[in-house]
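Here come two complexes built around chain A, the first alongside chain B, the second alongside chain C.
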Partner chain A sequence: MIALNLAARFEDTSARPFVTRLTRDGAGGACLAAEFGASQTYQLPGQSFVIDVPDGDDLLGDVVFADPQNGRVSRWIRATSPHNTLLVTERCDQLCIMCSQPPKKGHIDLFEYLEAACRLAPQDMVLGISGGEPLLFKDQVFTLIERIHAARPDLGFHVLTNAQHFTEADLDRLRQPALRKVLWGVPLYAASAALHDEIVGKASAQAQLLEGLAIMARAGLGIELRTVLLKQNYLPLPALACLVSARLPFIRVWAVMQLERAGFARNRWHDQFIDHSAEPGALIEAVSVASAAGIAVSLYNVPYCTVPAALRPFLRQSISDWKRTYSTDCLECSAKIVCSGFFEWHAELSDYATGAPV
Partner chain B sequence: MIRRNAQSDEAVFDEFYLTLALKRLLRAGEDGHIDLRSPNWLGHDHMVIDHDGMLYPTDEARMLARTGQIDLSIGHVASGIDAAARRALQDRAFNALDPWCSQCVYQAACGSDPIDDIARTGRADPPRIDTAFCRRHMHIFDFATELLCSDRPDGQASIAKWLGMPGPAKLIETHHDRA
Partner chain C sequence: MKKRTFAIRSLAAAGLTAPGASAMLPPPDQPGADPDRPVGLYQFFTQQHEYTLAGHRSHSSHSSHSSHRSSSGGGGGSYRSPPPPPAPAAPLRSTPRPSTSNSTPPSSVLPQTATPPKVLPGNSGMFANTVMRVQSGLFAFGYYTGAIDGFMGPETKTALMKFQLDRGMPVTGTITQEVLDAFNIKVE
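This part shows the complex of A and B:
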């Protein structure tokens, strides 16, 4: 796993936090001034700091959030990675039973720094925006994206949101190019409103979400609908496929994904993880129904050997590079190059009845 | 073809127009094929340029001019598009307001081909139900719907292959007595 938060020793430990890019020559950021073994010293006007670089890693080009008072450097945008996500808030108005990043009550407003980081991002990068629920701070998120669109039209955004905060009053703003070109990732877990609401821990969530999706459709937004597979929603998945086909044909892609063993799902794994390979019927039927209706379906976090050949064209290598790994059983497998692999914190091929090296 | 498709996974027989009809019945926005869509505005996103530089909305319109039946040209490469001539063609280029089509269960999936109507009947406004276009498509959509509603595994297997589905799935349930 690649470390995203690094300890650092600052020259001026009383300074305010700042955002900078780590560079070799100092052009537009902090300059690599000295290198002793794994220890790198960066300089910029009025400040310098020393980072111990993790083994085999390269920080040059990264956009970092530096916090002198806490002696930390956070790698917000790694130059070599296509998977960078900026966290807007840890606050959320849902409490999903399997949440991989359980919300917190507090909120630290970092928008000033987020904007500075986006401005320094490498050419043509797509940046994730996540939370918590980012649109609890809707105006600030919209403004951030609009300002970056004006300054850096080459950048793209992928925003994860529960879509329950869009209103008709947003339509004009959403229809402008800045927000139109965002890909919005929106979770929907079941066709049954009762089941969806139970999974996300919020009454009337599904009703509000479908309203939100309708507003997004009217604005012509790009939507990636996201469904996590759980024991709770697996067998009724074909009913969700019918709902998506009949009522949400405007989505760009339906991403059906295996559970990540993190956050709440860590200790609830045995109540929540469903081995789709042991009973693939519901998954095949759901993908069939949706693709018949012309819906583009992608399967995320689903290892190659756990699905029949007919489902393999739908697999995507979805796990971010910094948390992707393979099980010890995968050593001899020839399909790793096309396989999603596993999340670093839980890589057990034995979770799947059909799991076996190819 | 359906029997052959059920017997082997190696090669799939594809029936393009039947597959198009299935997609038109099942999918939103499946309107990239100009022989089957509505509205089917003529001379806007496609046209034919004849050897002499004349512009026509379709190849059939070009042939009608060649055989001396009617001149449906919409301009010339030298002078550009004749907007008035093109506008005059559009009145029947969709099925939405047609009294016959408005009673038809396949209206949303079907299309409109006024050039074909002119070629066969000499007029752009024959009763739709008498046109070759309507009769042909009524049969195709009936057959497609029968296939979709059928429980026959070989038919369901072909539908899955034609539509790029990972496996067969019953896409339409009938809730009435079809007899």
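This part shows the complex of A and C:
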């Protein structure tokens, strides 16, 4: 796993947090000024800080949030990664039973820093925006994306939201190019409203979500529908495929993903993890229904060897490269280049009945 | 103070290696002090550069690289306050930060690191002070003509790379152990 959060020693520990890019020559950021083994000193006017570079890693080009008072440097945008996600808030209005990043009540407004970070991002990068529920701060998120669109039109955004905060009043704004070009990731777990609401821990959530999706469709937004496989929603998955095909044909892609062993799912693993390889029928049927209806389907965090050949064309590499890993059983496997692997905190290969190195 | 500064500069610029100068060199058992090498005289001066730097400090009024040694008396000194000559080593944090700090949403859901970096040569105390010593070294050898401002700007980097190249060191454009050794800079 790649370390995103590094301890650092600052020269001026009383300074406010700041965002900078780590560079070799100091152009547009902090300059690499000294190197002693794995220890690097970066300098910018009035400040310097020392970081121990993790083994085999390279920090140059990264956009970091530097917090002198807490002695920490967070790699917000890694230059070499196609999967950078900025967290807008940890507050959330849902409480999903398997949440990998359980919400917190507090909110620290970091928009000033987030904007600075986006402005320093590498050319043509797509940046994720997540939370918590980012659109609890809808106006600020919209403003951030609009301002960056004006300053850095080369950048793209992927926003993960429960889609329950869009209203008709937003339509004009959503139809502008800045928000139109965003890809919006929206979770939907079941065709049954009762089941979806139970999974996300919020009454009427599915009804509000479908309203939100309708508004997004009217604005012409790009939507990536997301479904995590759980014991709770696995067998009814074909019904969800029917709902998606019949009522949500405007989505760009349906991303179906295996459970991440983190957050709430860590302690509830045996109540939530479904071994799709033991009973692949529901997954095969759901993918068949949706793809036959012209829906683009992608499977994430689903190891290559655990699905029948018919599903393999739908496999995609893991959504977050810093989480991607392989089971110890996978060392010799020849299918790794086409395998989505596991999320860092996922099952071992032995958790699947049919999985074996190829 | 100022006069002393100029005297050293002109000596160094003239490449003065008077035979008598070796008498003033540091004892040979000191690392890097080889009286037969032409750098010996320079090393003598590095021992004195508390003076040199003090002279520069009061004059380097900002971090700009082009307008060096302005005599404006230090107005607009936005870069930093002059560091005290003997920079005390910053205390090393002994405990890692708690993994869930309310003040930092992004990190609290991200993997945490354990220990802060160790204090290594050139990392301790005021880093700008180390940069100044390297800059004055580069200046004395004729590689650098910019401000002794303690800031690793492009000009300093270029000078450092030329120096590293000429001395057969890895050309990094950064301060390394080899660079500190070459200038006989000891960082406590």
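The working rule: the second predicted complex is superposed on the first by the 355 of 358 C-alpha atoms of A that agree within 3 Å, B and C clash if a C-alpha of one lies under 4 Å from a C-alpha of the other, contacts with A are read in each partner's own complex, and residues count from 1 in each chain.
One rule holds for everything that comes next: a residue touches a chain if its C-beta (ideal position, glycine included) is under 8 Å from a C-beta of that chain, and two chains touch if they have at least 3 such contacts.
Fair warning: this is a prediction, and the values are worked out from it, not measured in the lab.
Novice: Based on the shared chain A superposition, would you classify chain B and chain C as clashing or fitting together?
Specialist: fit
Novice: Looking at A:26, would you say it contacts chain B, chain C, both, or neither? Reply first, second, both or neither.
Specialist: Second partner only.
Novice: Thinking of the overlay built on chain A, is A:50 touched by chain B (first), by chain C (second), by both, or by neither?
Specialist: Once the two structures are laid over each other on A, A:50 reaches chain C alone.
Novice: Could you say whether A:311 touches chain B, chain C, both of them, or neither, answering first, second, both or neither?
Specialist: After superposition on chain A, A:311 lies in contact with chain B alone.
Novice: For A:287, using the defined touch cut-off, is the partner it touches chain B, chain C, both, or neither? Pick first, second, both or neither.
Specialist: first
Novice: Which partner does A:249 reach: the first (chain B), the second (chain C), both, or neither?
Specialist: A:249: touches chain B, not chain C.
Novice: Does chain B (first) or chain C (second) touch A:60, or do both, or does neither?
Specialist: Neither partner.
Novice: Scan A:238 for contacts with chain B and chain C and give back first, second, both or neither.
Specialist: first
Novice: So which one touches more of the residues on chain A, chain B or chain C?
Specialist: More residues of chain A are touched by C.
Novice: In the superposition described above, what is the shortest C-alpha distance between chain B and chain C in Å? Please give a whole number.
Specialist: 37
Novice: Could you tell me which stretches of chain A are touched by chain B in one complex and by chain C in the other?
Specialist: The answer is that chain A has no such residue.
Novice: What does chain A use to touch chain C in their complex?
Specialist: 1, 3-9, 11-13, 24-27, 31-37, 39, 41, 43, 45-46, 48, 50-52, 65, 67, 70-72, 74, 76, 86-87, 89-90, 101, 104, 106-108, 110, 132
Novice: Which positions of chain A touch chain B when the two form their complex?
Specialist: 238, 249-250, 284-285, 287-289, 291-294, 308, 310-311, 313-314
Novice: Residues of chain C touching chain A in their complex?
Specialist: Touch residues, chain C against chain A: 63, 78-80, 90, 92-93, 96-97, 101-123, 126-128, 130-131, 151-154, 157, 172-177.
Novice: Mind pulling up the chain B residues that touch chain A in the complex?
Specialist: 23, 26-30, 159-160, 163-169, 171
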